[in-house]
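To keep things clear, I will list the structure first and then write my remarks on it.
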Amino acid sequence: MRIAFVGLGNMGAPMARNLLKAGHELHLFDLNTTVLAELAELGGQIALSPRDAAAQGDLVITMLPAAAHVRSVYLNEDGVLAGIRAGTPAVDCSTIDPQTARDISAAAAKQGIDLGDAPVSGGTGGAQAGTLTFMVGATPALFATLKPVLEQMGRNIVHCGEVGTGQIAKICNNLLLGISMIGVAEAMALGDALGIDTGVLAGIINSSTGRCWSSDTYNPWPGIVETAPASRGYSGGFGAELMLKDLGLATEAAKQARQPVVLGAVAQQLYQAMSLRGDGGLDFSAIVKAYQR
Amino acid sequence: MRIAFVGLGNMGAPMARNLLKAGHELHLFDLNTTVLAELAELGGQIALSPRDAAAQGDLVITMLPAAAHVRSVYLNEDGVLAGIRAGTPAVDCSTIDPQTARDISAAAAKQGIDLGDAPVSGGTGGAQAGTLTFMVGATPALFATLKPVLEQMGRNIVHCGEVGTGQIAKICNNLLLGISMIGVAEAMALGDALGIDTGVLAGIINSSTGRCWSSDTYNPWPGIVETAPASRGYSGGFGAELMLKDLGLATEAAKQARQPVVLGAVAQQLYQAMSLRGDGGLDFSAIVKAYQR
Amino acid sequence: MRIAFVGLGNMGAPMARNLLKAGHELHLFDLNTTVLAELAELGGQIALSPRDAAAQGDLVITMLPAAAHVRSVYLNEDGVLAGIRAGTPAVDCSTIDPQTARDISAAAAKQGIDLGDAPVSGGTGGAQAGTLTFMVGATPALFATLKPVLEQMGRNIVHCGEVGTGQIAKICNNLLLGISMIGVAEAMALGDALGIDTGVLAGIINSSTGRCWSSDTYNPWPGIVETAPASRGYSGGFGAELMLKDLGLATEAAKQARQPVVLGAVAQQLYQAMSLRGDGGLDFSAIVKAYQR
Amino acid sequence: MRIAFVGLGNMGAPMARNLLKAGHELHLFDLNTTVLAELAELGGQIALSPRDAAAQGDLVITMLPAAAHVRSVYLNEDGVLAGIRAGTPAVDCSTIDPQTARDISAAAAKQGIDLGDAPVSGGTGGAQAGTLTFMVGATPALFATLKPVLEQMGRNIVHCGEVGTGQIAKICNNLLLGISMIGVAEAMALGDALGIDTGVLAGIINSSTGRCWSSDTYNPWPGIVETAPASRGYSGGFGAELMLKDLGLATEAAKQARQPVVLGAVAQQLYQAMSLRGDGGLDFSAIVKAYQR
């Protein structure tokens, strides 16, 4: 299949690599020429612009850092919508606000383009291993088209509903994730301060009603879960800056919808304070440091 | 075994009933004479005071509403410590602050009594079915003595460490539980407000990093988990007033330890506001009502 | 003086009226033709577009609801910058985020236009009475030009620094105002719940370290300050929706700057919840209702 | 007048000194013998216990660190109530929870003693200068008796209502103070981060709706108010640990009354985090450090 792929950063590059491995013909664009060269060696073809890439694809995939990039990559003069042929399916895998996802899709629809959103979870590790989860907002027909391709980059391909719902699913999940992680940090640090063994405490929580992914799989207290970032100095994993970005998207979407998210807003502030302290580069579970003695 | 059992409320009465069924000789005390009469019909013997009950037991078990009751039941003139024989093991199953648990145990130790704490989770349903979890703070020797008896009232008997750690485990778990539940409520309500199907959203969360007991087993959104209180008008379950009590214990213990619990304190406030609105009698998952349109 | 005035809503219309009274020649634009007709009767001249108005003014003043309107009024094809002559001073009195203020000013500067920001406080009452406070972000030269004109609409004309600082001053003040108001609400309601006379409590606070404008001038408890909205059913005054808008601007600007505003974020959430309950049309001091029995 | 004075710490000692200067006969007790010796040199008479002091006074004044001390000083075997003659007026100037104030007063009333509460504000400086504010909870008759004596230690003697209301007034004021101070810290730090001159910003706030004691008299930003602790490295003033104590009393009283204090609870947490960072010995305005770059 001829695929246009725009955005080859920490996530996009390994995703494109998996598509090349699967035998597709890729037309690639990014501002970073080094990564373009690397992917060209693997058989990818270098495009001169998002427009140029889109013009040569039977499917367009984009993976960008934020909403502003998505807007310009699709809507600029040399953007995707300037080159794409009517009827070509497209999907944006960036994590952005649901409203922008809908706006861009509406702009595409005017040209006869069915554009969906499919943000991912799983991090750079999942992108490399091809085990990402894709949360897809798309028409049923578009979802059917996208699914086999996304399966070459991920393991779980979930249809969330119409366009925008992929973004909604992701920010709602990550809102809860940010809150849960801080909750685990507070519970573990309180237990430690009061004098219970933290391993025993984690064991009790994990077999009780406090059980959650942040406790049983990714516990922020060092030494509880061997494979978690907490047990290797909070390196790797899901960076605090990315959590801060997602909590920003969630609180902003909540503001637009006049929907209170009280704990979510406090969580966002606590990650902002962590970033201010200079710890934004650590895994997001390092929020526990704010509670440790 | 001859067991003194003091405190026969919603939890204590079914626990005592299970011990009677198991063949023990129970010496019972409570201010409520109706429940005493009921248990006497099942073979229990009525004592005239905590002291009287304690004097006739080879083991003392207490199950009381709050720290003030525990203090008076143990320390008053006609209290447990006035009647108990040196060397008799004792355990308090009430949920109270860890410091009071340690204080009472220290007072008991002066008389040669080994007193542990063993707060429970599982609610009145677990008490009736004999499937409670006991979080036990006790010396290894006392734990060994208590375990077979507690197993006649519960399924999981966990040794958390020395006296007081049972309480610590319980309040840390419930601190996290209160935070998680509000987190799930905020995430579900935000998703609903933004336009995703709540069943789809719950499915994604439950197979992703937001996964937690409050989402996959006890989801606060009506219709998501059939067996959850949300699907039967928030009746039964774990009352909001009890959650408020436990969050109060957690924030108070944190204050004593100078340990921040920022989300925990906000969670406590949100349950306080729920109580003020008159919803304290509902299941604690009804906190979601504060977020629904 | 020939003044172009764009944006004639609840604030802009009375401001324009004051300029007409002061003898200026006004070229007016708004989408609302009723208000245009009213001001035409008072001697104003109706323009066909922001461009048309700007073309005829020796000074341009705009007063719009939000950043999106400011962008389009200045930057659209028939916008202010399409009509204004080089060298014409301009000022935007809208309350928007500082970054947009700077962006629009930078766009104007490319055409040789010195554009400042001058958000106001004082509400519709102050706009009618000509007693507004203007917080001006502008070059010293522009400030000198604007001051005499702004004095015909307001009483305090404060130079805050370069462009954007007017907005910064306003959102920082209103961030503190929102927090203080909730603080007063919590203190008064707590005192009431604990059993002190609220009039006595307010008197003590107002002569002590809790003293603030929200307590001594605008107390949210009914009957404390006769002239405050609380004493007339929370009608009039500064609407809760406007406070919510300003807290939204403050938390968003904080997010851009990676600056924590923890209480500010919680305050924003509490106003969001108030809006969700349908009380957004009341004066912002009605937040106290969330705390009353 | 013969006055029994118990509790001669940082506050009590200078208060007692002012009463000695005013010519009263003082019967003094404290566990610290050094301060007793110092006051004996100034003419005070040393008592052997609170009971002994109380037995020799026509008025009893106590000034203690916390509720536990108040309980033991009044209720112990050698406490005030064991020595005081029926009909002797008494006042406790400690800052404690309103319920304990009421409980002790009720215990005193059983012996025919009229005991009021009169917590102070003004700090050690006010105690030395005799310029304290006394917030008095007492019967009208007791207030009339106390007023002339309290005026020898303070400047403002405010009758707040019946016993307990002095404590209520103080904790409500300090709840608001803690919230306001953090509000000012957030507003000043946000303004600084966004690029406005902090002196200009403070000036605008102080003549606008954000105006409060924490901004115009005690601004936490260095260099704004010359006489404020912020301008001398946060030394002296009102220690963060004392603010944390008062916020603890306020949130605890709120919990007893089922009264939400959402911002108050967050403020308490932020002071707890400040204490954990080791800054509890600084003036409470140093909370701004958590927001500075």
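In this document, chain identifiers A, B, C and D correspond to the written order of the chains, with residue numbering beginning at 1 in each.
Here, a residue touches a chain if its C-beta (ideal position, glycine included) is under 8 Å from a C-beta of that chain, and two chains touch if they have at least 3 such contacts.
Please read these numbers as outputs of a predicted model, since none were measured by experiment.
*Asks:* Please give the intersection of the contact partners of chain C with those of chain D.
*Replies:* The shared contacts of chain C and chain D, listed by label, come to A, B.
*Asks:* Taking each chain's centre as the mean of its C-alpha atoms, which one ends up farthest from the centre of chain C?
*Replies:* With centres defined by C-alpha atoms, farthest from chain C sits B.
*Asks:* Compare the two sides of the chain B and chain D interface and say whether they are made mostly of the same residue numbers, over half shared, or of different ones.
*Replies:* Homomeric contact, same residues on both sides for the most part.
*Asks:* Once you find the CA centre of chain B and the CA centre of chain D, what distance in Å lies between them?
*Replies:* For chain B versus chain D, the centre distance works out to 38 Å.
*Asks:* Counting in whole Å, what is the centre-to-centre distance of chain B and chain C, each centre being its mean C-alpha position?
*Replies:* Computed from C-alpha means, the inter-chain centre distance equals 52 Å.
*Asks:* By the touch rule stated above, which residues of chain C touch at least two different other chains?
*Replies:* Residues 254, 258-262, 266, 270, 273, 276, 290 of chain C touch two or more partner chains.
*Asks:* Can you check the complex and tell me which residues of chain C touch chain B?
*Replies:* Counting only chain C, the residues touching chain B are 266, 273, 276, 290, 293.
*Asks:* Help me check something: in the complex, which residues belonging to chain C touch chain A?
*Replies:* Against chain A, chain C makes touches at 248, 251-252, 254-255, 258-262, 265-266, 268-270, 272-273, 275-276.
*Asks:* Which residues, counting only chain C, touch chain D once they are in their complex?
*Replies:* By the definition above, chain C touches chain D via 98, 121, 133, 135, 156, 158, 160-161, 164-165, 168-169, 171-177, 179-180, 182-184, 186-191, 193-197, 200-201, 203-205, 207-215, 218, 250, 253-254, 257-264, 266-267, 270, 290-291.
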